[in-house]
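A, B, C, D and E label the chains in the order they appear, each numbered from 1.
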Amino acid sequence: MALFESRGGSSAQLLDAELSGLDQLEMALPPRPSRLARVWAATWPKLTAVALALIIWQLVVWSGWKPEYALPGPRKVWDAFFENFDNNMSAAGTTLWRGVRGFLFALVIGTTIGALVARVRVLRAAFGSMITGLQTMPSVAWFPLAILLFRLDEGAIFFVVVLGAAPSIANGLISGIDHIPPILLRSGRVLGARGLTAFRLIILPAALPSFVAGLKQGWAFAWRSLLAGELIVTIAGKYSLGQQLDANRQLADSAGVIAVMIVILVIGIMIDSLLFGTAERTIRRRYGLVDTAT
Amino acid sequence: MALFESRGGSSAQLLDAELSGLDQLEMALPPRPSRLARVWAATWPKLTAVALALIIWQLVVWSGWKPEYALPGPRKVWDAFFENFDNNMSAAGTTLWRGVRGFLFALVIGTTIGALVARVRVLRAAFGSMITGLQTMPSVAWFPLAILLFRLDEGAIFFVVVLGAAPSIANGLISGIDHIPPILLRSGRVLGARGLTAFRLIILPAALPSFVAGLKQGWAFAWRSLLAGELIVTIAGKYSLGQQLDANRQLADSAGVIAVMIVILVIGIMIDSLLFGTAERTIRRRYGLVDTAT
Amino acid sequence: MTRASTAARREEPATESPRSGAGSLAAISLDAVTKVYGHAGNAVPALDRVSLEVEPGEFVCLLGASGCGKSTLLNLVAGLDRPTTGTVEVRGGRPTLMFQEAALFPWLTVRGNVDLALKLRKISRPHRRETVQALLEMVHLTGFEKKMPHELSGGMRQRVQLARALGQQAEILLMDEPFGSLDAMTRDVLHDELERLWRETGLTVLFVTHNVREAVRLGDRVVLLSSRPGRVVAEFPVEIDRPRRIESHSVADLAAQITGRLRDEVRRHGAV
Amino acid sequence: MTRASTAARREEPATESPRSGAGSLAAISLDAVTKVYGHAGNAVPALDRVSLEVEPGEFVCLLGASGCGKSTLLNLVAGLDRPTTGTVEVRGGRPTLMFQEAALFPWLTVRGNVDLALKLRKISRPHRRETVQALLEMVHLTGFEKKMPHELSGGMRQRVQLARALGQQAEILLMDEPFGSLDAMTRDVLHDELERLWRETGLTVLFVTHNVREAVRLGDRVVLLSSRPGRVVAEFPVEIDRPRRIESHSVADLAAQITGRLRDEVRRHGAV
Amino acid sequence: GAPAQGGDDGVTLRLGYFANVTHAPALVGIEAGIYEENLGDNVTLDTSTFTAGPQAVEAIFSDALDITYIGPNPAINAFAQSDGEAVRIISGAASGGAFFVVQPDIEKPKDLEGKTIATPQLGNTQDVALRNYLEDKSFETDPTGGGDVSIVPQDNAQTLELFTSGDIDGAWVPEPWATRLVDEGGGEILVDEADLWPDGRYVTTHIIVRTEFLEENPGVVKQFLEGHVAANRLIADDPAQAQELVGQAIDSITGKPIAPELVAASFESIEFTNDPIASSLRQSAKDAEAADLLDPVDLDGIYSLKLLNQVLKAAGEPTVKGK
């Protein structure tokens, strides 16, 4: 039987349409949602959650389940926070700076160790499990050693933070490397990537999505170790969140404790959503891991 | 031009060879390495590492860098361990049991929350970052609340352990789910998997490799929270590792502290190599993530 | 040309648009479907006003240059993606899609992968076992039931995927180059099997291939897509009696004719 | 038959085994290579005593049923895996392999993927830019430089992989069904390009395909593997003058002859 | 101040103390600049604050600290663990200030049957004192918290919370916690520990020095002790100013102000003294051994009071004894 044209129109018509096709398409596109709309879409559920939490908290307090000195209400915590505003801010600054510094150093150490352990069979057999072992060691256990090595110094805190975060980062990298699809490694090998080049150009980027997840856990470890470590030694006039938390506890000031907790939580949320969240979204989009299916 | 047979021999010869081919192949196979050989291959690097660590440690002690009461040698720690053997063992038992119980509960909680947050867009926007925020909250911060809720009870420790591990497990699952290759999700959808079925049969197994890595981090968090908790909530008549660690610190007994640290390290290593390590290896082999390339 | 300006879900009631009047009972109907990937700045138009109808029980083959939007079209029909404009409607049953790329579940054995399709249809275990065995036999993979996907060759994986897709017993089967990595011999056998199944069950098939002879061997109709953005440029009804043989002259002749047209089309759009 | 009982690394000095005396200068030589996957219990024999030599500058095509061990053979030659017994030797340059499955790096754009091949050969940046552009043009992907692999169609990905493999300028090129998901038109053009490149640079090519015509169109020699375990069962020198056309009668005739033999082989081994 | 003795040029003195009323001489001395004054220009004073004794001991062991104000138990432990090597007690600092506070429904010792009582730390002075007291009243106790009265050693802040919420029935704690238990927790004082000691005096805080530092820099230690004695004199002469200085110091270290009434109440029951009250330390150690909370320890040589006595003599104050 003879062939026939598409129902849409004759071939000639189609050719005409072709020229204007792309322009028309552009117009028909659903406009990219505005920046504001996207920020709002990401923000309102958070605000709602916070509002809900506050309401529930206030209701529990009003219910009189526990006396106010044991479970202070939002109002009291708010006051406590502002009463101590300067201290809290300078404490947050100090702690944040220590955390970032320790974390960055742990990143270097953890990545190096992770890479070596993941790729060198003997090292893996020797140290693979020890990394998790170190990870489970509570920070307090390191204090004596930290003081032994670094005296009563920022160095001691730094040491504890690095020991807290590095194993976690190393483990994250190892698991990331372990789960690289073998075809990518083979591809790299065929392209002639060896040793450090292979690590830098193939293995690390291939492990990146899991690695970032490991970094997040590493940050949490670093932060917790840090808050514990800040109790090793307090330098007069230099406030830190760990020290403030303890000072409030020592004073049995529940409102103060909760105020510091909220500061910690807010910092944690900010770092996650601004730093790790953004990194993860970018990586997922770039690597094509976003399921576009409706 | 005419076709010609393979150089190896005539077609008839080949046909003859064919029958015996498989048998011959079997014989030519490199025998699977014996169980003993495999265990040994996994063990000797560990033993070497331990031996090396011991030697270095002893050398540092002999060098007289620090007095023995500040940095006791292996011998003294060994004595301390055996002197306190019964306590250490019962402490390890108590702590391990608390850890396992808390971790299992955190597993349920963390998985549920992780699944919901990963798959429900609004929940993710609302709580996604809060999970990391909770993860960075040090265990000590939870104690006032824990005691408020559970008195000085196993319940308080349990609460803190769960709060330590669950966010980490949830985050591990979320990142595992985020990094599932979209083709598998689409495949599942085309097969008609929806809702909980899809989660159970497609999403969870697809996220499993990363999830196990998250579980490992969760275990580390659980364990650390637990040891911190045991310092604070001392329950009459029960020795625990956290309490032993603290008791030794109170007595300025460095050898005792190091003995407990070694117990913690050994437990961490055992759990990692026997539990998580085995799970990870099995999964990697099954999922075809082992690069067989030489 | 009537043009629905919003994307519509495929389960919507069949609104009788003027030009789809004749084909309102079509199993698959695309009406002026446009699909653009990305946003304004770097948008990639993949399909441009594609209108296509596939009758229930029809076997339609889709041909087109690499990157012209064939997979995109199947994704839209399978409901995995939404058209930018236009409507996609599927009637008379669930569609299933056999993907172009490897889509086996790496945590399941060959049997497990096929079995899952049946499990999700809630078929009882004993019945499943039998059916899975039959399906694997059909794709010549008896003996490989317990292998994991990564232990298979490329062609074997493709066959497992075929078995899994057939195991779903969906009423509408979308296939994206399903026999691309099979040798001629195996492919011929599978052609026969697919045709038998199609005849016996009244399946509707939309089949993407690069092999023009394969299209003529199998299809009731061959549809040609142009390139970037994809448009339906020609349709060829195949009126050769079945059973057909891929080596037969009638198949070769029509294939040559279609190839010629395809070449023109590809050349005209400057795609190659 | 002499049989080396241990696996040997491919860079070893060329030990003159009795039967490889004549081919001691072969670019690729496999001597009684056996490959078995897995261990005793559930071993899968993939290759059984395969001996094959490819001269420098030769274009050899490999044919065989799905799952007969073609990819395994290429992997061995590329040094990605070791033979269970027998020796694999490669002389006169590095081999490169274009994989059967998708093997693009998802974190790099199309350009980045091709560029990496050049970067790893330590070519300077300005020179690289030009070459990458030329390669992408050759595979008809100009305009897609900045796309990520997941934004490409199956055939486009395959072409990027081709560009990347060619960008390596290795002396030995192993190709595993490189044109499997391309339309006939695009494929023909790429055949011409590949042939030109091969002629101009003196490449040695080992080319796996399921398309017998393609094999005859391109190869100096066509090698037939049997199934499970793979063995070399026949070799066909192709003595048709170049340039050849895939539609030409001489190509079709030899292809038919080889197909016949392939069918016999496949049938005899009961693989289908 | 007096010039340092030979070899003491350019020495740094690393001093530790807690932000706690019982460490008032340190707080006052530092806040008022008394130490700097007495140490002179060639000695740099470097202070660190701790939240717990064991950490200070770790710091001393690690050569990270030279002198610290500390409670009796950590000092004993440091001495015992190092076989008498690491530390010496060079002066007393405070005495008294520990109370057994109970819920109002407990009126007499008999009512303690079956109750739960908190102490700051297993085996510390208050813990030992409580166990001794209970034994006196013929209650059974054991180190793991069993017996007729259950003893739960725990953090003082937590004790306050639990006492306030009624989860524990009493606590043997030092100031300012005793006052807080009374003021905020509505408790009543059942026993003033002073009543159990001869002259009502027992050591609460004293000063230890790293032995090596003492041997190498006796001049600096002496100068430091001059400062300490001066600080104690200030406390005795002008308690109001001392209390204010203590409040300021605690505020600046912790960033949290302490209620002046609390400081005042603590000053009531605590005696700040240069006397280490050696007899109470030895008695407490003996009691601890008896209660099986301490391995037998030989405390001979723990005191090194020669320098203190030189200082006291020069200042015309009574000297102290290490026996």
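The rule is simple: a residue touches a chain if its C-beta (ideal position, glycine included) is under 8 Å from a C-beta of that chain, and two chains touch if they have at least 3 such contacts.
Not measured: the values here are computed from a predicted model.
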Problem set entry | Contacts common to chain A and chain E (chain labels) | B
Problem set entry | Chain whose average C-alpha position is farthest from chain D's own | E
For this session: With contacts defined as at the top, give the pair, B-E or A-D, that has more of them.
Result: B-E
Exercise. What is the distance, in whole Å, between the centres of chain D and chain E, each centre taken as the mean of its C-alpha atoms?
Worked result: 82
Exercise. With chain centres defined as C-alpha means, what is the inter-centre distance between chain A and chain D in Å?
Worked result: 45
Exercise. Which positions in chain D touch two or more other chains at once?
Worked result: 80, 101-102, 150-151
Seminar exercise, completed: Residue numbers in chain B touching two or more further chains are 66, 70, 144, 148, 182, 186, 189, 249, 254, 288, 292-293
For this session: Send over the residues of chain E in touch with two or more other chains.
Result: 58, 61-63, 155, 161, 165
Seminar exercise, completed: As the complex stands, chain E meets chain A at residues 14, 19, 47-51, 55, 58-59, 61-65, 155-157, 160-161, 164-165, 180, 184, 252-256, 258
Problem set entry | Touching residues on chain D, where the partner in the complex is chain A | 78, 80, 94, 96-97, 99, 101-108, 116-117, 119-121, 148-151, 164, 168
For this session: Enumerate the contact residues on chain D facing chain C in the complex.
Result: 37-38, 42, 44, 63-68, 70-71, 100-102, 140, 146-147, 151-156, 158-159, 176-177, 180-187, 189, 210-212, 259, 262-263, 266, 271-272
Problem set entry | Of all residues in chain A, those that touch chain E in their complex | 66-67, 69-70, 84, 87, 91, 143-144, 147-148, 151-153, 231-237, 239, 243-244, 246-253, 256
For this session: Mind listing the chain A positions that touch chain D in their complex?
Result: 183-184, 186-187, 189-193, 197, 201-202, 205-206, 208, 286-288
